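One chain, chain A, appears in both complexes that follow, with chain B as partner in the first and chain C in the second.
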Partner chain A sequence: MGDIRLMKGNEVIAEAAIRCGCDGYYGYPITPQSEIMETLMLRRPWEETGMVVLQAESEVASANMLFGGASAGKKVMTSSSSPGISLMAEGISYIAGAELPALFVNVQRGGPGLGTIQPSQADYFQATKGGGHGDYKLIVLAPSSVQEMNDFVDLGFELAFKYRNPAMILTDGVIGQMMEKVELSEFKPRLTNQQVEETQGNWAATGKKKNRERHILTSLELQSEKQELHNQKLQAKYKQMEEEDVRFELINCDDAEYILVAFGVSARISQKAVEILREKGIKAGLLRPITLYPFPTKQIQKLIPQAKGFLSVEMNAGQMIEDIKLAVNGKLPVEHFGRMGGIIATPAEIVEAVESKLIGG
Partner chain B sequence: MEDTLKIEDIIKPENLVYKKTSVLTDVPMHYCYGCSHGVVHKLVAEVIEEMGIQEDTVGVSPVGCAVLAYNYLDIDWMQAAHGRAPAVATGYKRVNPEKYVFTYQGDGDLAAIGTAETMHAVNRGENIVIIFINNAIYGMTGGQMAPTTMLGQQTATSPYGRDIDLNGYPLKITELLAQLPGAAYVTRQSVHTPGNVRKCKKAIRKAFENSAKNIGTSFVEVVSTCNSGWKQTPVEANEWMEENMFPFYPLGDLKDGEREKPDAYLVQKLKK
Partner chain C sequence: MKEEIIIAGFGGQGVLSMGKILAYSGIMQDQEVSWFPSYGPEMRGGTANVSVILSDERISSPVLNSFDTAIILNQQSLDKFEESVKPGGTLIFDPNGIVKEPSRTDINIYKIEATRLAAEQGQPKIFNMIVLGAFLKAKPIVKIENVKRGLEKSLPERHHHMIPMNIEALELGEKELVTVR
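Presenting the complex of A and B:
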């Protein structure tokens, strides 16, 4: 068993990075996630595992530093919050286009613009629909506990390397700032250059050997026919993600008629709302998407025969609800409940929303 | 004539006077006739061959006419977003410090959209090489004004000539970078005559050698021609460059040493 600690979500991201054999972190401070780089700088992993930690001049730079580190076949990551992720959109798009593995963490705050430093889930569209330009997808993981902040760093890297695609942990200011019990992962050593060569040497820019063609990590293709082939290859990859890597959790769904769909901190609160609804004799359940992309579309469809309606609970004006509606395809009512501006919904408000929007409505 | 060499003799190995470096691929370059890019590519390739570092060198190509540099040098490459090459090089070099990493960037890429990435990479003293092709114009996009465009110079977006009130001043980014403590070597070269080509190659060689010594960033500007963008013949372009650019962008070393060490006072303070 790993070490058991009481820790903040953000600190756990840092600790998990060191423990999973991350090679490099490049970041820029922003609330509510600055503890990630602060923890790393305090821990000085370069002395312990050789992991590099670098404060960049901007999020534009840090995302593009990831392009460089990932091109070497190394495990590299960054973290930021909403306005910073907007600046990273360029780098993320290039990384997706060049098919590089890299891990991004977005500890969301409210927007638009500078918005608020309070928690939010308003970057769902940005994360799941690409965020930058061009037809691409990120693998998006949504932790709802400090434990998952630990677990998803390793999982994020695993999926990023499986698909050679950027992955994102989409969390929020609550999970980032919250202290909870966590079982930290066991230490995994960083890969040696030799091991990187063995595992990633067929594509990474590890220096051109005499016996192979040069490796060019680029997102550029000037011939339309070839660019379309590249686009089709990316789309096939996303299809494979949808087949193989959808993750979700079902709570009280066996006989549920009213199904709440919520991720991250909203799922924690919705779970309490389900308890209250059950006490009132209302058959409520919770579907918690863990991967926001690939989205648990099929699982939602499986629930349609037993359900009377879905309520999307999000800390935004209604973003995930669009994916739920696509899955339900008009067969049942799909409603949204959300608070904005950094306000965290209460279980009572969610219960009220189920009663007024789904049952009463 | 009796003593003229026959073709069979000319191709004998002992009569070889010049050979294309094997680090250059056999792909025909897309650059316009008279463009400086091709010459600088050749010099970088020759330095890589002569230093025997082909397997250990990774290049970062920019967005600009040199975006396809990866087609011409037989090494591993990364293709960076516009202006971000120094950040990409930093990210790579930090996790692979034993490799030689260089960026190859135009003046729009390096001195406009990528100013921040350039300044900070040099200020951190990243042990990378930056090759900077200053042709006073945006070549790739069809000849628009660059930060380095000369006063009065006509371009597609300064059709009446660069005007101070409208466009500000030409940016001497190399002079700025030479002030930064992280810089080891900052030099300005050109490749418009055989003599200058030789000097430029020496500068590039020094820059690559520096990067193995971990003494800070090495930066080689090459004042260059873009005859297509300037709408001049190659010969006219060389003359225009000498006449108009060299007085403002004088050739020579701006810094040759290594990145600054903190002075005694600072060291004392840091110890506390």
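Presenting the complex of A and C:
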């Protein structure tokens, strides 16, 4: 058995970054995720692995530090919470446009604006539909446990490098602040410059070599014909993500008639609601999207023949429900239940919503 | 075995750390645990509560609306959480500052005068360990030796000399628990 600890989700993100061989973290503090950089500063990984931990002057700067680090083929990441991610949006769009791998962590709080410091899932649209300008997608992972906060740092980097595309861990103030048992990953050494050259040398800015042209990393293309080709290349990449990297979990879905769809902490609470509904003799199940983009559209469609309706459970006014409705395409009722403003739904409220909106409705 | 617990009081009483010690003790006996806090921006004086779950199986929701046990350390928390104890469940409270005692008759109610005991010992910091000891008397879900192992694992070595004092406080709490009904 590995290294078992009781840790906060935020602390685990920091520890997992060090252990997966991350080269640099560039952040700016904001509640409810400040423990990530605090933990990194306390752990002093620059003494252990050589990982850089830097407090930037703003979120705008930290996103652009990722742009620079990623251009050099390095494993770089940042974390923030909702208002800070908005500030990073420009940089994220540029990184997506320049086709660079980088990892962003959003520990969501309620909005809009400065909103509240309490948890929320109101940045679903922002994360899955781009967030910045232009036709681009992030790979979006939604952990629902502290263990997944550990696992998804490594997975996020893996997918970011596979597609040379920014990835985001979209989590919330509950998962960030709660403690659970976690088995930490084994240490992986950081890649040496030689190894970066070997693995990323076909695109990264590792210095002009005699045997090849210089690599130019930019999101700018003034010739429309070339820009359209670039857009088509990006879209082909997103298509490949949809084919190869959809991740989800099914809980009690084998015979389920009423399907709850929920991610992150809402999935945990919905699982409890499913347990209560099953005790009442109601055939309920839970589909938990793990990748919010690419979304498990096909899996939802597979459940249509057996289902009587879907309930999207989110801590927002109804965002993921749009993706569920696109998948269901009018064949069955799709309802939404959510709390906003930092209020966390209880299992009893979700049970009530299934009974009133799906069964009674 | 699954035990769903709410610990509620003022910030500064050691509510969150009590929950953490309990959760760590659960890990020491190979259980699944979750610790979910709720508190305001204040460091001290505001309300603070934490839901702790220890279970032999994977834990679904860390957020709950009813509990097997409520550990209550001020009047506001008693007003808020007495109704959320499951029928047949357990409520433990410190009578210090309580003007309206719990009224339910369908749950087991215990008292622990931890504030007074800690003051008598001249050690206000052991307050939460006295409460934890009282809880473990009423609900022996973790062994004291696992609490000790949890403290050894979670505390930096420079604090290990304080573990015996904390274990004594646990034992004091076990001894002083009073059954109300």
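Criterion: the second predicted complex is superposed on the first by the 360 of 361 C-alpha atoms of A that agree within 3 Å, B and C clash if a C-alpha of one lies under 4 Å from a C-alpha of the other, contacts with A are read in each partner's own complex, and residues count from 1 in each chain.
What we mean here is this: a contact is a pair of C-beta atoms (placed from the backbone, for glycine too) under 8 Å apart; a residue touches a chain by one contact, two chains touch by 3 or more.
Since the model is a prediction, treat every value here as computed from it, not as a measurement.
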Inset, instruction - Answer with first, second, both or neither: which of chain B and chain C does A:67 touch in the superposed model? - result: first
Inset, instruction - Compare chain B and chain C by how many residues of chain A each one touches, and report the one with more. - result: B
Legend entry - Which superposed partner A:76 touches (first chain B, second chain C, both, neither): first
Inset, instruction - Scan A:94 for contacts with chain B and chain C and give back first, second, both or neither. - result: first
Legend entry - Partner chain(s) touched by A:265 [first = chain B, second = chain C, both, neither]: second
Inset, instruction - Check the residue A:348 against both partner chains and state whether it touches chain B (first), chain C (second), both, or neither. - result: second
Inset, instruction - Kindly classify A:178 by the partners it touches after superposition: chain B alone (first), chain C alone (second), both, or neither? - result: second
Inset, instruction - Could you say whether A:57 touches chain B, chain C, both of them, or neither, answering first, second, both or neither? - result: first
Inset, instruction - Go through the superposed model and pick first if A:117 touches only chain B, second if only chain C, both, or neither. - result: second
Legend entry - chain A positions touched by chain B in one structure and by chain C in the second: none
Legend entry - Contacting residues of chain A [partner chain C, same complex]: 4, 6, 117, 174, 177-181, 265, 268-269, 271-273, 275, 344-348
Inset, instruction - Under the touch definition given earlier, write down the residues of chain A that touch chain B in their complex. - result: 23-24, 26, 52, 54, 56-58, 60-62, 64-72, 74, 76, 90-91, 94, 98, 193, 205-210, 214-220
Legend entry - chain A partner contacts - residues on chain C that touch it in the complex: 20, 23-24, 27, 32-37, 41, 59-65, 154
Legend entry - Interface residues, chain B side, partner chain A - complex: 54-58, 60-61, 67-68, 70, 74-81, 84, 87-96, 99, 116-117, 119-120
